[in-house]
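Below, chain A partners chain B and then partners chain C, in two separate complexes.
== the complex of A and B ==
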């Protein structure tokens, strides 16, 4: 696994703190993340319930479980030579965000159609970096998601895919992919629970890397 | 940077033509096509080894055919 130094913005102080980008996480890393994230998610769920926040406003990845994903991924041995690869961002000795990408079986939908791309299966920031509505919790760090998407774009470049990336977005993240990432919104996908499909083409990938 | 090893690949003219055709159509280098083919083969092999089947589906014609992958 290789790591690269980066910075994350600590929201409360506005200061930049040291962080590390990791480009080939092990399944153990996912278990480590889940061991810390699950209690934090339960705490958020408790607050949401206690304050009667409508279910429609709950964080949409609240039920995700990276330990389960580790079990599913085991036969595929995620890594640089697998169809699957795991990326992560670490600061203050804990995972601040995770991304699972796949480089097989997801052809481009934007022109030129049918080219290879990196498909983001899952990307999630640590629950303490969320800002769930109605419970007054602010994010600890900002900028994790963008740096993880950048890792997917760079993997796509390494594979000769010219930075092309695609994903289905949870509704709460639509504006992030459309705005901050500059991805094209191809609309709801009837084959994927009506989640909107977003794609980053070659030219927008170049712009994304220049701006981030 | 990951360590890489070099190997000589002997292909027939027809195989090389197929490789070059894929590289052209997919806008990939020949090396990238071979790497991608290897990942795909690994993925299919893993899923078939778990007891899954591989199908091709034509939604318009409503046809579905199983691709037999030899173990």
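== the complex of A and C ==
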């Protein structure tokens, strides 16, 4: 595993804080993050319920429980020789966000069609970095999401996939992938419960990494 | 690539612009659901406005299924098997845990010989103001405690409600 120094913004103070990008984590790290994140998710759920926030406004990944899915996650286990690779961003000795990428089985849908890409299976930020509506919680840190996507783009480059990345976004994240990440929106995918499929092509990957 | 060890990622010496963009980005939501979809963790169509069930529609549905099963003197797995439901679907129905899919309601309507349309209304799939149905559903939902065998009054409540669910 290697790490790379980076920064996040501590929202309350407005200051930049030191953080680390990690590029080869294990399934245990995902479960460690879940152990840390679950109580914070429960607290958010409690607040949402107490304040009668409509269910449609709840964070759409609030009910995910990776520990419960540990056995079914085994085939997706990242490792040195796996097609899966788990990345993370850490600050203040806690995981602030994780991204699981896969480098096989998901050909490009944009031109050039049928090429390899890095498919993002999963992205999640720590619950204290969410901004759930209706309970007055702001994020603790900002800057996690885009830097996680950057890791997927850089892995794609390392694999000679030229930065091509694809993913299925949850609806609350569509604008992030369409706007901040500059990915193309290819619409709802019936094979993925109508989640919208987004793809970053080679040209936009260069723009993303600001290498033009 | 699979089969070869991952190399450490390479980063440029200066990422300040990218970090600044990351901090400026609206990160109200960044979650990606590919793996969650593959593992069946998306319980309902994400982003779809939840359909509001009638005030006590799901409770009435739950009670209807509980009573009907007990009236048939069937264990949950036997009831599910006889009427073409998954056991999980039956358990969800009886516990009013989720809004049942239309297919499940259709199976139920066939099993109990009641109106599919009215079950859709009860579950919130159809918005249709029916005060009589709402009143009957409320009365029925509040009519019993779980017991192995239906009491006479529960049996009466079940048959009254089934009558209300006919077309």
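What we mean here is this: the second predicted complex is superposed on the first by the 200 of 212 C-alpha atoms of A that agree within 3 Å, B and C clash if a C-alpha of one lies under 4 Å from a C-alpha of the other, contacts with A are read in each partner's own complex, and residues count from 1 in each chain.
Everything below uses one rule, namely that a contact is a pair of C-beta atoms (placed from the backbone, for glycine too) under 8 Å apart; a residue touches a chain by one contact, two chains touch by 3 or more.
Since the structure is predicted, the reported quantities are computational estimates derived from the model, not experimental observations.
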| item | value |
| --- | --- |
| Partner chain in contact with A:112 - chain B first, chain C second, else both or neither | first |
| First, second, both or neither for A:159, with chain B first and chain C second | both |
| Touching partner for A:56 - first (chain B), second (chain C), both, neither | second |
| Partner chain(s) touched by A:150 [first = chain B, second = chain C, both, neither] | second |
| Which of chain B and chain C A:80 touches, first, second, both or neither | both |
| Touched partner set for A:205, first chain B, second chain C, both or neither | neither |
| Touched partner set for A:30, first chain B, second chain C, both or neither | neither |
| Which of chain B and chain C A:104 touches, first, second, both or neither | both |
| Residues of chain A touched, compared between chain B and chain C (which is higher) | C |
| Footprint overlap on chain A, comparing chain B with chain C | 2, 76, 80-83, 103-104, 159 |
| Residues of chain B defined as touching chain A within the complex | 1-2, 25-29, 31-32, 35-36, 38-40, 42-43, 46, 49-50 |
| In the complex with chain B, residue positions of chain A that touch it | 2, 75-76, 80-83, 103-105, 112, 114-116, 159-162 |
| Footprint of chain A on chain C - complex, ascending | 1-11, 15, 17-19, 21-23, 25-39, 41-43, 45-47, 49-50 |
| Touching residues on chain A, where the partner in the complex is chain C | 2, 4, 6-9, 21, 23-24, 54-56, 59-61, 63-65, 69, 72-73, 76, 80-83, 85, 97, 99-100, 103-104, 119-125, 129, 131, 139, 142-148, 150-151, 154-155, 158-159, 167-173, 175-176, 179-180, 192-195, 209-210 |
